[in-house]
Each structure stands twice: as C-alpha cells, then as structure tokens.
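Structures for review follow.
Presented sequentially are two complexes of chain A, the first with chain B as partner and the second with chain C.
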Partner chain A sequence: MTIETREARQPWILLSPSLVAITLLLVIPLLFIVVYSFWLRTATGADQVGFFLDNWTEALTDAFYRDILLYTLKIAAITTAVCALLGYPAAYFIARSKGNKALLLLLLMLPFWISYIIRTMSWINILGVSGAINSLLISLGIISEPIQMLYNQVTIVLGLVHFLLPFMILNIYVSLEGIDVTLEDAACSLGATRWQSFLEVTLPLSIAGLAAGGLLCFVLAAGTYITPVILGGPSDAMFANLVFEAIITQLDWPLGSALSLMLLVVLGALVLVYNHFLGMGQLMKGLGK
Partner chain B sequence: MDNSKRYERLLERYNNGDLDRRSFLGLIGAAGLAYGVATPFAKHALAATEQVRFDGWGGVVSEAFRKYAFDPYTKKTGIKVVDGTFGSGDEYISRIKASQPGEYNIAHLSGVFDYARYNNLGLTSVLNEKNIPNLEFVIPKLTDVFRKVTDGTLSCVPYDYGTTGIAYNRKHISDEEAKEKGAKLLIDKELKGKLGAWGDWRTRIWYASLQTGQDPNDAKDMDAVWTAIRTNRDLLLKYWSSGAELMSLLAEEEIYATEAWSGRVYALQEQGHDIGYMDPPNGFGWQECLFVIKGSPMEACEELLNFMLAPATSIAVAEGQNYPPALDPKKVDLGKKIPKLPAFDPTGTLDGLTFANPTYWNGHEQEWSKEFGRIQKGY
Partner chain C sequence: MSWMILRIWTALVYLFLFLPIGVVMLLSFNANQFGSFPVTGLSFRWFFKLANNDAILRAFETSLLLGSLTAVISTTLGVLASLALVRYKVPGQNMISTLLIAPILVPEVVLAVALLLFLNALSINKSFFLLLMGHVIFTLPFVVLVVQARLVNIRRDVEEAAMSLGASPRQTFFQITLPLLAPAIFAGMLFAFTISFDDITGTLFWKPGGVETVPTQIFAMLRNSISPEINALGTVMIILTVGLPLLGIGIVRKMSTKSSE
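The block that comes next holds the complex of A and B.
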C-alpha cells in the first residue's frame, strides 16, 4: 500500500466509529420512520403493512396540521427573537468584561445542571395564583385578588426563552470573543460614536454567532413538547404534541411517523435556507471553529 | 392447547373416520417426539426464570408491593422482581408494541378498556387460575367483565377500583351547588378560567354525555357531545395530564372544579385541603388490574400475582394509593381506612358504579380520540 493510499484512507478510518454510530442510531431509525409513514393503523391499533399514501395525504392536506405547524413556527420565531434581544447584551457584557469572565460563564452554564422539566415547572411557583409574584403583590397591597398569569402563549414563550437563552448567549459570546476589540477603537478614532462603531463594526462581525444561536434556538423551540404541556393553556399545542398524541395516545405510529417527517423536512428546509444565505461555514464560525 | 387435549382431538378424528390409521399413528408419534424433545427444555426454561418484570405507577404503590409482595416472593422462589414504572397506559402500550415477547411481564393497568385493547393486539395470555388461590377473595363482578372479553379466560386479576368524579373547592362552591349542578358544574360559565379537565378523550366524552343527558355507554347524539366538549374547553384554565398536576391545580387554587380521580382527592383531603368530591349519577367507575402480557413465564407470574392479591398486600397498596382493593368486603376484613375511601362499596356488588363498556369505547377509539385531539386544540 502506497503512502498516498494510506493517507487517503486514514480520515475514513478515523471517521468510521462516528459513521457507524450515525448510521445505526440516526440513518437506519430514520429509514424505519420513512417506511412506517406509508403503513396504516387498523381499527384495533395494529399496523397494516403496505404502501399507502393516506397518512401523507392527511398530513399535507388537512388544515389542522398546517395551522398547528404555522403556530409552532410562530412561537419558535418569537422565542428566537426574544432570545436574540436578551442574549446579545448579555453576551456582549460577558465578552467585554474583565476579570470575572469565568465566573459569568459558570453562571451561564448553571441552569444546565438542573433538569429542563424542573426549570419549566419552577414558573408555576413564580407566576401561579399563590406563586411568588402574586403573593408579593397581595402582601404589598397592590392587588387584592391574584392575577392569572399562567397557562397561555406568553408563558410558553417565557418557558422556552428560559430554556434556550443560554444557547443564544454562548453562540454570540464565542463570536464576539473572536473580534479584535481594537477594531472598535479604530472606528472611534476615525470619528464614529460608540453606538456607530457597534453598528458598523461589532454587529456585522458577530452576525455569524447570532445566526448560529438563532438557528439553534429556532430548531429546538419548534421541536419542543414539554413546555406547552406544562405551561400552555387548553388550546396551546405545538407540532411535537401532535406527534406524541398520534404515536402514544392514538397508537397511530404510521401517522405519527408522517407528521414527524413533515416537521423534519420543514426544519431541514430552514437549515438549507440558512446555508444558502450564510453558509454552514458561518455556523462553524459561530460555534468558534 | 395441552397434549392431552391434542391427543383427544386426534382420537376423535380417527374414531370419526376423518383420519386413517396410518396418519393417526404418524401424528401420535410426531406428538410424542415433540413432547420428548420439548419437555426437558421446557423444564429447563421454567427453572431458568430468574426474574419477572413488573410495571406500575410508582410511588407508594411500588413501595407497598416491594414490601408485601416482591420481597417475600423473591425469598420463597429465588426469582427477582424488576420494578418499572410508566406515566400512562397509552405510553405503556406503545412500549409493549415496540418490545420483544417476554420483555415485559406484569403491568398494573387501567380498566377493562385497556384489557380489551391488549386483547385486540393479541397480547393477552391465559392464566391458570388454580395457581392463584387468592383470586377467590376478589369481587366476582370485577373478574366477570374481563372474562367476557377473553372468552371466559383471564389474562389479568382485578386489583382495585375507583371513580372519576367531580372535585370542587368548598371555599367557592358549596356541596349543595355541586350536587344540584352535577356534571353541568363543569360547563358552568360562572367558573370560566377556574375549571380544569383531564385531557383524556374517554373522560371528556363520558362527561359530555352526562352533560347532554345521554347514556355515557351509548351516546346517540355525538354532535351534542362535541359541542359540550367545546363549551367545557372554552371555560378551562388547563387540561391536566397527571395526578400530580391535578392535585397541584386544586391545592394551589388555580382551579375551583374539575373531574378528578377519587384517590387523589382523598389524598388532598388528608392533607387538609377543603376539597369536596362527588360522583354524579352515572359517574365514571373504573377498575385496575394486574395484567400478564403474552410471552411471560406464566407459572412465575401466577405465583407473583398470588402474592400481590394476598389480603395483606392488597390492603397495604389500597391504603397507600387511596383506592379500594378488588377484595370482596364480605370475605375479607378490609380494616378501618378502606371503608372511608371514596367509591368504596361495602356490599361488594359494585351496583352503584357505572363502568365503561369496552365494546362501545373500543369500537369508536380511533375516530373519537382523533376528533377530541382536534377539539382540544381549538377546532
């Protein structure tokens, strides 16, 4: 074997454990889901093997699924926007702080040590009728009756922002860390105000981190299941809840498979749009690569 | 079918002239060979049963089972009991569907409805009742409904029963008002934003049937039922999805009324919350059973069921979960706490409870669960 051949094979040898894992744990299960989506659920709950387009026809033509999908994308977009608005100043502050950066980063990572479900449920103790805010307002005499704050779209977005904000901050922070601070000083020395130097220099250079964080937040928010269950009202369901309901409650695995693939395709399309405008290379930059 | 029955049938066919002598002897020989080959392995397989898996609701129920049934059973037989939990019957049936035969053995399932679903999926087994002598203490009406589903045999033993009635906060709703309004309390416009409901399609349809004056086991006007479900939905603060969530919503006074599980309300009352509970006429009665899944080691499971049905175990579990046991109060002394539990029937006849008719509910499951899913989400 020549050196060239050996060198050509080496990356594949190194990659092989990952490729095997991805094939076994992602590609093959995904193929199963694709196959399942063409089967049918019978009245007894058993699956009818075959090639039927019924599930896909239902998923693609029924306004119910389209509306819930649009609602899901709307909630994900609002969550992403709020995360960006709150996350950028926080990331900027951490990136430009001196001395206590490690402590701030540690504080940022702290929520990850607590279960996502527990963190989501904590809002019940904060916003509930007998929660911290209502108790405080009543004890201060500001209100006489508790305000109903829980179980609506706002609390879903709140729960999602609580969950996803650290992802946004970390991505923007990594991007800001890579920017030479003297560029801002140079802009100021050429007559720009601090605000102008931020708008003209820092923001454009950190856009990759913002976009990477945005993509991550959007995809995770759009796939969420537990937040609407815990913090949503009677009609606040997202697309993942439909998948759960089809598979678990209705035991309709074929329809659930079609719905989950539909969400996958929509989110995959979003990644392709991102790739078209910013390129996946920008995502790597945003992740500090 | 056992070998004696198989031989008897062959002999009958031979005597009737359906089989010639050569075929008869050939089949007898083949059966003998199969028995000779299979028996040593069968014995080995039985001896090799090292563990039985039990899945239930966790918490105090698991603790009681562990103390009164699993540990003594392991001590006697040497067979370990692996104790698992599940969040809902729907979730569990999905797990079973995805599993290999024998992977899951015994489950603490809800009602006749689920029993029929498992039967439809070909997941039932046939218990040898002689191996479960404690079955004699069980209320006959509870076993009869299971027998009807599986042609006289049992794949489970009944274990406890309860009701899904209406819970209300006495600070805001008096006992008289609750009794007067009955099921319609849950569509009372004055309680808008202060009502909860279980996001379970069966319970929703059951209560909507009551609200529209129909038989919950035979509603004729489904349009009226769906309208009542929509009315209820528009007045709700939240659809709850677990017993813990139900208790939290009532205890924190987020909601003033909801339908609720009798045992959970009793637990709230024990904690000092002023929560009332009533079963409206034709309220939702249900029972839970210990179900043996097809492919399980039957003798080992039957012996474990016998331990679990022993009065000491049943009573401890019942006191822990606040649901009356399936034991007949005329045959077993149930102690002091159980007669005070909601839904308890001292006569042992259970005539006051209305149970779901599995044929009716299973026949509409696919259509109604989907329809409710849409209405729940605002459609």
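The block that comes next holds the complex of A and C.
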C-alpha cells in the first residue's frame, strides 16, 4: 500500500464510526417510519403490514390535526418575532459596547447551562397563584384574590421566548460583529442620519444572523413538547404533544409515524428554503460559538 | 441618548433572562412552610428534604451515568470525525458535514419516534441502551461543531516539526497532537454531558418504565404540584452546572496569570 492510498483512506477510517452511527440511528429509522406510516393498527393492537393510506388520510384531512398544526406554527411564529424584537437591540448593544463585552457574552451563555425544565417551571414561581406577582399585588392591597395568569397561550410564548432568546441574540451578535463599524460612520459622514445609516447599512448586513436565529427559534419552538405541558392549558396542545399522545399513550405507532413525518416535512421545507437562500454557513457560525 | 435606551433595553433583557432563575434560588432558601411567597426567613429545610428523597437521588445516579457514557461515546465519534473534516480534503465534504449535524435539524420528537420505532422493530425495547443510543445521536452534532471550532486553531506544522526532528508518528501523536487536542476533547465532553443531562423530550420517549433521569423526575413531580423541593433541586443543579465551571475558569485564569508573571 502506498503512502498516498493510506493518506486517502485515513479520513474515511476516522469518519466511519460517526457515519455508521448517523446511518443506523437516524437515516434508516427515518426511512423506517416512512414505511411504518403506511401500516395499519388493527383493533387487536397488532400492526398490519401493508400499504394503507388510512393514516395519511386521517392526518391530512382531519381538521383536528390541521388546527393543531396551524396553532403550533402560529405559536412558533409569534415566539420568533418576539425573540427578534427583544433580541436585536440587545445584540446590537453587545456588539458595539466597548467595556464588558466578554462578560455580557458569558452571561448569555449561562442559560444554556441551566436545566431547561427548571427554567420553564421557574415561571410558575413568578406568575403562579402564590407566585411573586400575585403575592406582591395582594400585599400592596391592589387585589384581594390571586389572579390566574398561567396556563394559556401567552405563558407558552413567554416560556419559549425565555428559552430561545439567547440563541437569537447570539446569532444576531455574530453577524453584527462581522460588520465593519466604520461603514456606519461613512454613511453618516455622507449625510445619513444615525437611524438611516442603521436601517440602510447595518440592518441589511445583519439579516443573515437574524435569519439564522429566526430559523433556530422557529424550528425549536414548533417542535417543543415540554413547554405547553408545563405552562399551557388543557386546550393548548402543540403538535409534538399530539405525536407523544399517539405514540406513547395510544400506542398507535403507524398514525404517530405519519404525524411525525408531517411535522418533519413542514419544518424540513423551511430549513431547505433557508439553505437555498442563505446556506448553512451562518447557522453553523452561530451554533459553534 | 439612543445609546442610553439600548443600554436600558439590554439590561431589561438580561433581567428577563435571569430574574426567574434568581427567584428559584431565593425560594429554595425560604423558611415559609409552603416554600412560596412571602419569604419569611432563611432555611435549609428544602435541601434536607431533597437529600432524603430517594427518587431524586436515583434519578441523579441515572443521569450521571447516562451523561458520562454519552459524553465518552459521542466525543470519541465526534473528535475522530472532526479530525477527518478539518485535516483532510474529503470528497463530498459539505454533504458529510450536513449529515453529521442532521440530528439538530430534525425536530427532537421526530428523531425520538423514528429511533424508538426502528429499534423496537429490531426487538430492542425501551431500555437504558436505547436511551444511551438516543443521547449519543442527539449530542453528536453539538460535539462535532464545538470540536471543529477548536481544531481549526491547531496548526499542523507543529506536528510536522516534531516529525522532522525525529519523532515517530506514535510519539508525535501522544506528545504533540493529543495534548493540543485535549481542550477540544474536554469541551466536547462537557458539552455532550450537559446536553444529555438536560435532555427531556427524547428521554420521555426512550426511557423504560420506572427509570427516571433528573429532568423526567422533575417533570413527574411538577405534574402533581410545584413543590419547594424542586426549587432546591434547581438551586443544586445551577450551582453544579454554572458555579463549578465558572470557578474552574476562574482558577485556570488565576493560575495562568501567575505563571506568566
């Protein structure tokens, strides 16, 4: 064996364990649930192997599933918009601040190290019947009975924004950091106001980061299972809750497969559109940080 | 003027991020008999109750074991793959990179369902093994991203210099490459461990009955009612996952400034 062929084989030897793992634990399982979604669950509880369109007909035509899918996408869209509005100014401040940039970035990383379920349930301490806000209002004599603020759409969005905001800020920050500050100064010296130079120079240049953060927020929000269970009410089920219900509670695996694939196709289409226009590079930059 | 508004806005955003966490920590030391507001005094009772809660202690053991095994396997796979991608020109590099990070792009529920159903068809039922495989595949992309970002900074000519000075490939690997890789390996393991320790959605699909990790145990406790023990547990976890690493960074900094003096 010559040195060249050894050199050429080496990367494949290094890559093979990961590629085998991904193939066996992700690619083939995904293909498998495509097949599974055409099987049928019989009344006896056994799965009937074959090619039946029943699950897909049910998943695609039943208004119940369609409404929950639309509700899920709505919640994800609102969450993403709120994250962008809250996060952009903060990211801008961090990117342009001179002093404690490192500290601000470190603080932004901290939530990633704190348990997601603890962060989600922490809102019960704030908004719950015996939480901070109700206790404060009662002790001030403004209200006499606690107000129920939890378990609705708003608290789901609140929980999701709390979870996803650091992703958004970091992605916007990465793209703002790459913009030459002197560009804005140049625009100003050519007669633009600060606001104009921001709108016409900085904002367009940071769209890539905003889009990367937006994609992450949207996909993670739309796939969430835990937040609606902890912070939502009984009628606030999102799509992942449906999937869980079908797979774990009802054990209807063929229908659960079809529902999972529906979510995958909708969110996958979004990722493909993003990839087509912006490529995966920006997303990787934000994630690798 | 507008800078001032930005400063206040940013401060409010950080307050929004940290206030609820601060309240968790505050309430965990609360003497109030229900552990809720108003705060009546300082007490460690919820921590004592927590220390005597067998279910949580068992969940901690499971999570530690699962997280450690996930970190070792996932980092081994991830470091090897990253070495290949950073060091060599591989045909189809872009496609391979996309494939390696694909588990992030697939919603976690879908990943969980696919793995559960496929391994079940191979007669591998819900088990610790299934849980471990799930966590490995779920953490692998993060490890690859973090390790790759570190690896790019390691220059290859250091190894070539060692070789040209007479080191054997084996010596070069153990004395040059491995020490240089150590921070990347450490970062990868820490990352994989944290993600595994924190994971709940996939875990709920994969875990066999009776086995709980820390997050699923908290989740089960939340379904009954919010107990102050959960706040105490939250505080313990925050101290473990945030306090210790920060302390570590601080010590390393102090040591490195001392040695450079």
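Note that the second predicted complex is superposed on the first by the 253 of 289 C-alpha atoms of A that agree within 3 Å, B and C clash if a C-alpha of one lies under 4 Å from a C-alpha of the other, contacts with A are read in each partner's own complex, and residues count from 1 in each chain.
One rule holds in what follows: contacts are C-beta pairs under 8 Å (C-beta built on N, C-alpha and C of every residue); 3 or more make two chains touch, one makes a residue touch a chain.
Note that the structure is a prediction, hence the values are computed from the model and not measured.
Asks: Looking at the superposed three-chain arrangement on chain A, would you call chain B and chain C a clash or a fit?
Replies: Overlaying the two complexes on chain A (C-alpha atoms) leaves chain C and chain B clashing.
Asks: Quick one: classify A:Ala192 as touching chain B (first), chain C (second), both or neither.
Replies: Touch partners of A:Ala192: none, neither chain B nor chain C.
Asks: For the three-chain arrangement built by superposition, which of chain B and chain C touches the greater number of chain A residues?
Replies: Higher number of touched chain A residues: C.
Asks: Of the two partner chains, chain B (first) and chain C (second), which one does A:Ala237 touch, if any: first, second, both, or neither?
Replies: first
Asks: Name the contact category of A:Leu150: first (chain B only), second (chain C only), both, or neither.
Replies: Only chain B; A:Leu150 stays clear of chain C.
Asks: Which partner chains sit in contact with A:Ser130 here, chain B, chain C, both or neither? Use first/second/both/neither.
Replies: Touch status of A:Ser130: both partners.
Asks: Once the shared chain is lined up, is A:Ala81 touching chain B (first), chain C (second), both, or neither of them?
Replies: Touch partners of A:Ala81: none, neither chain B nor chain C.
Asks: First (chain B), second (chain C), both or neither: which does A:Ile248 touch?
Replies: both
Asks: Looking at 27-35, 171-179, 207-215 or 243-251, which bit of chain C clashes with chain B?
Replies: Among 27-35, 171-179, 207-215 or 243-251, only one stretch of chain C overlaps chain B, namely 207-215.
Asks: Check chain A for residues that touch chain B in one structure and chain C in the other, and list them.
Replies: Residues common to the chain A contacts of chain C and of chain B are 124, 128, 130, 229, 247-248, 253, listed in rising order.
Asks: Under the touch definition given earlier, write down the residues of chain C that touch chain A in their complex.
Replies: Within the complex, chain C contacts chain A at residues 2, 6-7, 9-10, 13-14, 16-21, 23-24, 27, 34, 36-38, 76-78, 80-81, 83-85, 87-88, 90, 96-111, 113-119, 121, 133-134, 136-137, 140, 142, 144-146, 148-149, 194, 197-198, 200-201, 204-205, 214-215, 218-219, 222, 226, 230-231, 233-234, 237-238, 241-242, 245.
Asks: Can you check the complex and tell me which residues of chain B touch chain A?
Replies: Those in contact with chain A are residues 88, 90-91, 93-94, 97, 117, 120-122, 193, 197, 201, 233-234, 236-239, 241, 248, 252-254, 365-366, 369-370, 373-374, 376-379.
Asks: Can you check the complex and tell me which residues of chain A touch chain C?
Replies: Chain A reaches chain C through residues 7, 10-12, 14-15, 17-19, 21-22, 25-30, 32-33, 36, 86-87, 89-90, 92-94, 104, 107-108, 110-119, 121-126, 128, 130-132, 134-136, 139, 162, 165-166, 169, 194, 219, 222-226, 229-230, 240, 243-244, 247-248, 253, 256-257, 260-261, 263-264, 267-268, 271, 280, 284, 287-289.
Asks: For chain A, which residues are in contact with chain B within the complex?
Replies: 41, 43-46, 64, 68, 124, 128-130, 148, 150-151, 229, 232-235, 237, 242, 245, 247-253
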